[in-house]
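So that you can tell them apart, the chains are marked A, B, C and D in the order they are listed, and the count of residues begins at 1 in each.
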């Protein structure tokens, strides 16, 4: 299990390097009979793709997905869905500044150590370009999930933090601005800030919040495969993620049990949902909500000191077209991973009772 | 994959309910030839067991582990290690306050919904008593890991937060106090606070920090099975955990890339280790450190309103012997889960190169 | 995945050596709400246990199973079912003839080579005693399978071969004789033959045939997890098995397509069922039938030459209480493994369609 | 685990239907640093491809593999190897004879029943065309296996059976004739027979024998993942396979233990190797050999009766370009699956000892 598959029953396996011929994947276990809207899939890919706005990387990659199998007359057949996204932008780059030296806070060094050598063209397999395949699979999972609604959005950029509870936000605003923050005023501040950071040749971190609504009761499997444990794993597997919290999260630590406990309504819903829609690892039908922390992108367009393969100090100039802040493009990736987790547990939940 | 196994190559499967005959598990994949110090295993169990101090639950459970297989003449044989911890404290309790009503922020309701009924004696399978089996397996994994050092400790209780960097702490103090905080002054404050909370019949949350030292380079598998993603999943699978962050974590969000990046020394180590010992999902040889957030225990010894199976409001009095704060006993569990993740990736790393 | 688990959704993990404290296992994924008849489980164990007749080993092992978890008020709870069978017959044996030499056609040599040493008390983990745990799990799987009927029986011992098609046999005769052959006349011949073999201190091979009736259409997953591929794997994992064939099997090789093809009836059943109830890896609703070949037991009660750890020739006298022919006791094991495969695919089939 | 992956550490996932855009797969877990000879891969594909001789189907498919990832400067990188084989022969066929009726002994009926509908263009996913992806992966596995030698060949066609022990055969003859039988005299008889069968519009079954040499001691994992159990599963997952036997196989049933047991030489090898190179599920260093039984191809070019979706009798004329006997083209598939099993266990064996 070399680490390139996710999910047990609704399972995605991905392949591809940032500068190879193609990336893609295989979705195994998607049930038969699902009418697929291919435009919705491409739409999610477009939300992730470079060049979509002034605050993301200006690389040109159309990211068009081609399906090879598993679909027939517009529906899934129950057989594996193979797909590829061809890299159209494979012109011979100059990698000399990467090939023999290690970029700080990148995976260059550990890949060389682990595998004995590496594909040094861009990040190779460690590039976030791999997440395009996740978005394809997640967009299919979303369609499988039917009424469940997954909305991710940017809730923090640097110190700029959206402090309203999600219930007061209008999710229909998310796609109306380049940052993908549902509060348009805050969105403008964040956008301005990212532009300023970009001008410095620097980068900044952020937080993506995700809210999942209309979740049926009973998803998640005790004890190791708790719903939130798998959500956490899924989010932490996204490039640049440093933390995950759900429900009351780290703030819940300072509360007393008598304050924190969610009192029941007579229909089994709760009044406060500090639990974040998950109890004992199993969905309780309330909204699931969680935060995902992204560090600042490691590639800065400034001069920096580092070492080469011989351990000698070298000074390098960061270059290329990179994201000053990763969270606007991370929004569809967070949604995709959440959808994959939910699809997997939805299938698994069919096996709980005789 | 019903969720009761953890790990791929060094794999633990657990069984058992809080009030059944026995809990236990099977460790499959522990390599042959490991000389096991059984006392070290029992010692970790003793760090988790109830009744060990005035600030934990006063239930009496000796938690003695019995090994059934996989050991011969003091060494592991490479065959599965089966073990059980018999419940000695199975006297007929009065469960009437649990049987027909749902305790807030417990798993009672979702188990009934998911499975159609539940073992209502205590928490059944959702009880943290299950983690005793994890501690057994983790203690074996620790011995397999040789020189790697895993130290977990309590870094926060309610608002009381240990703000020193871990490098300034003396880990040898951890076991010298009931809270398991390496700063003895802070430990005393935390202990006093927990006692006060207990007197109120209330509970409080906390944070466990874990530091792993002497980690070889190369553990962790791109892209889904990143080392920190599996650590996060492992921690989030522990009862009452609401959040996980590693390295710079949520605080890293507000930093710029130029500040956050870890500059290399000539030997491949880094000067700042904001990465938390993991780069691109692969250990880089630096210390791994992470925080785990625990919510306040849901069982409060106060009167509370809730609903019964018919959805009618009922008022109940919390009773029994419960932990006012879970983090002191959670320390060995966090270590155990970390050890299981590392053992698994240690074996997997043997397969990376031809 | 060290090899001691079987199944994906209905999953058995076993532990235990022939002469350890206990063997047992964990069944994970058995759906909740199944009323378990514990006597049926013990009854299958009794069909496997030593000492049940004059033609099997005369060792005394009561093989009583103790359940630790996963059951509540007579029903499965959906949580893992942990169980153990304690070895009551652990008296200090004399292993000197095994400890330092390798019994021919046993696993002694390969265990030493693979693991560096071995538990030399009896066969250790390689002993067929491990299959007792499979019988427990299989007996639970059978109850889960409801109307499906699994009947295994002995169809060959040495050259004595039952050549009737299974449709002409009365399965209710199977348990009426010590050999477990449904043709009572042939059963007597086989019994006499096994007794003669035993008198020589020798052993003999045999074939177990298994017929599964009332199978729903749709079990089995293309392309690698074909129903018959998993049945084959299951059977080949039983000690002493050398071959597996289903439907027309090896005899089908010599047929022409025009003869071999199964013509359809108007209700989708077929007229000939040479396919053996499986088409393209998926059950077609017809009877599944297959043969399992068992080699003669390797332990003969005669003098034989072999080598010791130093590679020196030694002459040894086979001793102990062993089966002259393994197939009578293998019948419930074949059934158990078939039940585990079917239970797993039954759960998996719930996920095929949206 | 929807059934389209094979292997645990060296893992192949395949996708693709017989008449879709492309088939292909992802190989995850192939260790880094393996210099790949791409011509050897294409050569194995050519051994499987249609149109290679007068006795196989005359369809025209070049079966050229395109690699998308996982290779860099001629070596594997340790990241997933994605590949595709584009279908060049996708002209609009006439499927009316298949679309609404069920071909006998094909998977048409069960796919419709299992999934609710099916891709009726040819066999869809149930077509043996899927095995092209296995051959690609197997050819890579072979190169990973280094000195191990896997030779499969045709040992029986209809009643024509090669009765010599494999030690008397010259494997270098295998590729010298269209049947892939190493005995040139028998090969000629088989070829003539297949031609005669083809003239009748009929088909015939056969047996492929496989011999694996230079196997290290210690491959295979007790108890469920025995080496021969996984080999059996692998072979039974190939289209049209009805049986598997290794070592003495079904013939061993009639032997006495005293005859069947393999006496040791002083170096740990055995004198007779009736065990077939596997003892207790673990390779013992001797040659592994096994037989795989293939039924006659179900598509006959004759008129036949069958039913349509409404269960009405219809008479159909078989047409198209099909194999009169599948075994010559099955030889590289058997080798590929054997290579995948061995590669997986080779990696797993690295984790057996501390």
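Note that in this section a residue touches a chain if its C-beta (ideal position, glycine included) is under 8 Å from a C-beta of that chain, and two chains touch if they have at least 3 such contacts.
Bear in mind the structure is a predicted one, so any value in this text is a computation, not a measurement.
For the pairs B-C and B-D, the count of C-beta pairs in contact is higher at B-C. The two sequence copies chain A and chain D touch through a face in which the numbers common to both exceed half of the numbers used overall.
Annotation: 46 Å between the Cα-based centres of chain B and chain D. Centre-to-centre, using mean CA coordinates, chain B is 39 Å away from chain C. Looking at chain B, one finds that residues 1-5, 8-9, 14, 29, 32-33, 78-79, 114-116, 125, 222, 351-353 touch two or more other chains. Across the interface of their complex, chain A is touched by residues 1-5, 8-9, 11, 13-17, 20-26, 28-29, 32-33, 66-70, 72, 75, 77-82, 84, 114-119, 124-125 of chain D.
In the complex of the two chains, the chain A residues touching chain C come out as 1, 8-9, 29, 31-34, 76, 78-79, 144, 222, 347-348, 350-354.
Contacts from chain B toward chain A in the complex involve residues 1-6, 8, 14, 102, 104-107, 109-111, 113-116, 125-126, 130, 156, 158-159, 197, 200, 202-207, 217-218, 221-226, 228-230, 232-234, 236-237, 239, 242-250, 252-268, 270, 274-276, 279-284, 291, 293-300, 302, 304-307, 311-313, 348-349, 351-353.
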